[in-house]
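Scroll down for the structure; my scribbles are underneath it.
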């Protein structure tokens, strides 16, 4: 097996034989557990969070259930009790343990879960041997779902362990990291787009061999003229909102948003704390000063929407975002960079004679998931996958908002320009942030 | 003042002098209270429901606050305490009494509330004297908002008192009514529409002098090919869903929908009860047998969505509905008909030589609000009204679904083809129903 | 029928023919409703509160179920639906409507409930004609339970309507009353009692022909030496506790008490409000200044216990209270006095030569129910009544504290020195107050 | 240091030098952790349960705070963060971490907590060197509180880990143990006691050098005649209650008890499960068949009270229990026996000529805590300890019931005949059981 190649881009990755793709993804999952003690694997700090141990076992159950159980002749269940324990929400795949009680399970132990992984990995390697990366068999298709599924859980492992550590009064660091102040990114600039009829959604020849079902079918959408901000909103810009009593002014908020603010007594972004008159926030490198020039993150849809209204702007729709992203390279700060925190924007050099360069869209991929004002709905003609895998996306199409672009905890080989992430409007424990849009 | 004209159509109504429009609407509000005893005005049977007394006073407060207080020189508040008691959710119009506690107020009494109405009506008539119905002053604009606001509360008065009576073990009737079985509407038929770019949203020259801000601006939307059912789903069709274990089969439901079903132990539509082996439901005429040929109502979005999936169809988008409604007359079963229950569909005569006529869209207006799969979002370029009236619509644009077409409790002079009603996906106490759509 | 005789003492009352006792009690119930509008009868302002209409009907149901249904030949139910609506908690008497939803019932109307009362009263008068007050038949026994039951509901009608009015921002008065400042009652004095073995519990030849089952059997209890305060704690004394941060100091409170304080954000007694820098409280005569010399009321057990600890004292046990009450007259401020608020203490004249008189126990009966530190438990050999009436007292013997002495809302003919009232430790909507005790 | 002496009786234990007492208790705490994996130490399976790790650290914090911090010159806090993390409820000892979130802490790790224990143990041994077991210094007094405190947490460690394992679908065993069916204990027999005035409460010359403050002062109580069952209620006797619809019959229950049954859908004792038509229950040796002859355990006060009423009996008062226990040896099945489950009763040999022997009280100590009908109240003249240690007992004197006699998870050197344990009426996760009493 090749060693782990963290800087692999999506195109190169998709060209690897399937067994190597599998190894790469599984190894990266385990790479993410390296900083943890045995105790860290056990804790569930809120209902949305799962213990690391559960993520390790659930992703393995996925391979066992949807791949080995279907395609590997004579494969026998590793442990009869595991399907009940490690099914997440696939109703058609059988009964499952209550989500809110995943933190009540001390057994199986961490060592037992790693043994389970090793057992399944061995069977998977046998099964996948010799299959090219672009095979179009049903097996290959399900394996691609499994790889992308495991990559989604990698992101959750990062955001969940961040939450676990954050509720501990000791505020332990996942991994120490030296942090230096970011340079001033300068004023936000606007990039205008004309109205027009566009094709949106997954395009295999451009986006590679895989997409989730919710990105399909490709279809036409009319997008009116709009402008998009060249960069993400910074912490400093959000501080100005706070200083202007943003959290107290009902007129800036959706009704449900203001009710959420009041019920939860929100007065600052999630993970922020005032210490000795200074704003600090909890990061995977422990408590750190909030850097006014760095991108804002861990922000709910409600906060993003209120901030935008305060700023005289709005959030983009998902199709505005997708149209704007056309032709841009999918580079950015991703999970493989091991930073696990949004980075300051790269700057665009000024023009030749000292004049500022034309504004360019920056930070579109990686760093933070960008909230759109689009509620998560099926595309015209949408069909979920058949069977239990059809529960993957379609059944969540109510009361969620679409996010685009991936985050610092997303794998570089996982993101696509048509990728539709979705979360409820009050979710804050993901690396979510704000890019503004405007009517013209 | 003219006598009440219940069968007035919207066009005729909008041509009346403003004072007569005002009188018509206010009188219809009071017409709806005729069957009530004093005690009936007081009760709030759940948080979503308001006491009749509160509706009577709140609509009056609206006139006092947004019209008399702004435009009637020297108008003095009728009672200093009322703004606090009868503001609903207009944060910018001041503090207000807790919504969930509206049923705790025995005072002011019903008689005092009617006196308040009379006082405000007199001042309003003085203010509006001589203003034509199509005046375009800011006063006239706010009056139109007030009229439409009061009409919305008329609908709520009907659905709220229905709920109040339904939780009373005596199941009292609001108004007795003889009910006869409906004829079989025959199989559902599909009407196809081509793909195309359409203008959607409020068009003054077609839709009359008023719309809510959420119907604007008129803009372009691309709609793919689709088919729409010619009529509403019937109670009998929903019984087949129930007999096919519809409420138990998770794969038919949105995830959140199935969680709602289980948390609330839903096993039949709201207001339905099994009595002596027969399905009955509570209506404003008391308990009645469920008629299999009559349109289904009091259905949540979640149930509508699950039923559609079971039927191999889906719900329409709001633009599909709007495009399909073009050119159809806005006739139907409305509040002024005093039926207050969906009616069986009218039939379309067969063709000349005994052949069935081409299917036509029926029941599009009136009877029941039709759930669309469109989540309630701002139109491109949307701008709420300035000031407190801007809280009317825009602040509810999260986690609600759009409904179209009006119901049997909607005023005939209130509905428009661009009208966007919205409720959360679990709401059932409104007259909501299902029209199916399909991809082609 | 004799006219209402509000100043009747218990002894005289018990000597009346049974039909006159019945009339007296029923008429007093209706006397209490005189200040109410129709709307006031409908409201339930919290789960512990019942609408006035419900009290009127429930007490009537009690007569119908336990007396007329059993003893009046050929008596037919007034309305088949009423037993379900108006049973409170008698499981053995059949199913009943949910307590928390009593305020959802607009029907039967107030007039219908009064007609129900009149119908039952007529049947009762026929049944009771000619039966002497001290009859010892089972009928007479059940009638006495019914009379005492109705008197308990009279007290609840008063405390419940007080709560209903208190949550109304208009703070309406039940009955206007001129209130004058009370004179200073002087320092609290202590009256000592020797240790000894006492008989406690109901003694028919002393306490009259009726008691509840929970006061029996009379039995022996050893009471150690103790001292009892000569008077009730005043509002002014409680203000000193508040000024000394009484509500913030955990060490003064029971653990569960402090949790209750924090969960409910209690910072002053129930019904108190700070207005313009002055303490006011809601009374049945509307908002009034808190009089520092008047007895404190609407205090929970938790507050009473914390105050006592702060004062270096404790609450008495129920047997200390009962022993101390021996030989004292049962005079005081009761419901028939129509004051419905605790009164300042009467003073004891000084001794002949200007020396202060020996302290005497005052305010033991009437004014406020006095919390004891005794948790509500069965007496040795306790036997509840047979059948549904056995549910009256015994089934509440967990997690309640005993109160003694009656209040300003208790009927003078209802109280006994062995009477055991009981409420949960956090209850505040009754007229409850504090008398201190001490170890010696 | 001497080796652990599990069979030590209380008298011998109290004669050991204080340092040996300390070592014995601390070593037994760690003995109880031997069967656990690292993961097992972390989980909190409900709010009442604490993670094993927390118990280990909290008991250590107790020594550090109340002994080392006060009496060991120059002792420095082991870790500044630990007092916040490991204070339980001692308000006067400072702020503390939220109880319900103890399971969210993966750090400090198990190894770090054991290091903390070792550090404190070393300092304690230095401090206690040479102090005799019966020393009467304030240091010795606080050490005795600390030892008894740690012994209470030993019992909680056992009952808490039992709960943690029970919610795991794998139902892991804490320690395997071979279980054989118990012999039939024969019919319950009654032992009568005469009425009389008794002294109750802690008597140092009889009960040894230590008691909790809630057992004092010794005082007089009059106890009427009563009879006590010779043995505990068995599982088989409770099955008869269940078969007689005990859980469905409201008339058998306290009102609050029946509400608890319905809210929690209780239909059998805690930890019981029907498997293949047979009753099994979860024990620390894993799932086991319920043995009808073995003592019943994990029963709430509400169930105990209802069972007694069904059996035509009642629960004893705490003074009846204490009076009955006079002169009986404190032998039984305790934590040091490593069984951790109630054992079948020992039998009393028949009389000389084949006649049954006179009944004798059995199982009074150990096996299960016996619910009494006495609500937990202060004794006359009760004074809590000064300072934070005064929060140990007195602040819980509301809404709890007294239990007597110790259980199979109680240390043999910990129990006294005057010992008052207390739990809320719905608690079931302790080893609680039933002994019946009767009036005569």
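To keep things simple, chains are lettered A, B, C and D as they appear, and every chain counts its residues starting from 1.
Everything below uses one rule, namely that a residue touches a chain if its C-beta (ideal position, glycine included) is under 8 Å from a C-beta of that chain, and two chains touch if they have at least 3 such contacts.
The structure displayed is predicted, hence computed values, not measured ones.
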Exercise for the section: Name whichever of B-C, A-B or A-D reuses the C-D interface, so over half of the contact pairs are the same residue numbers. Expected result: A-B
Completion exercise
Between chain A and chain B, the Cα-mean centres are separated in Å by 39
Handout entry: Between chain C and chain B, distance of the C-alpha-averaged centres to the nearest whole Å
Key = 49
Problem - For chain C, residues that touch 2 or more chains besides their own - result: none
Handout entry: Pairwise touch network: line, ring, star, complete, or other
Key = ring
Completion exercise
Within their complex, chain D touches chain C through residues 89, 91-92, 195, 197, 219-222, 224, 226, 250-251, 253-258, 301-302, 305, 314, 317, 373-378, 380-381, 390-391, 395-399, 401, 425, 439
Fill in the blank from the handout: Residue set of chain B touching chain C in the complex reads 37-43, 45, 53, 81, 84-85, 97, 101, 103-110, 164-165, 167-170, 172
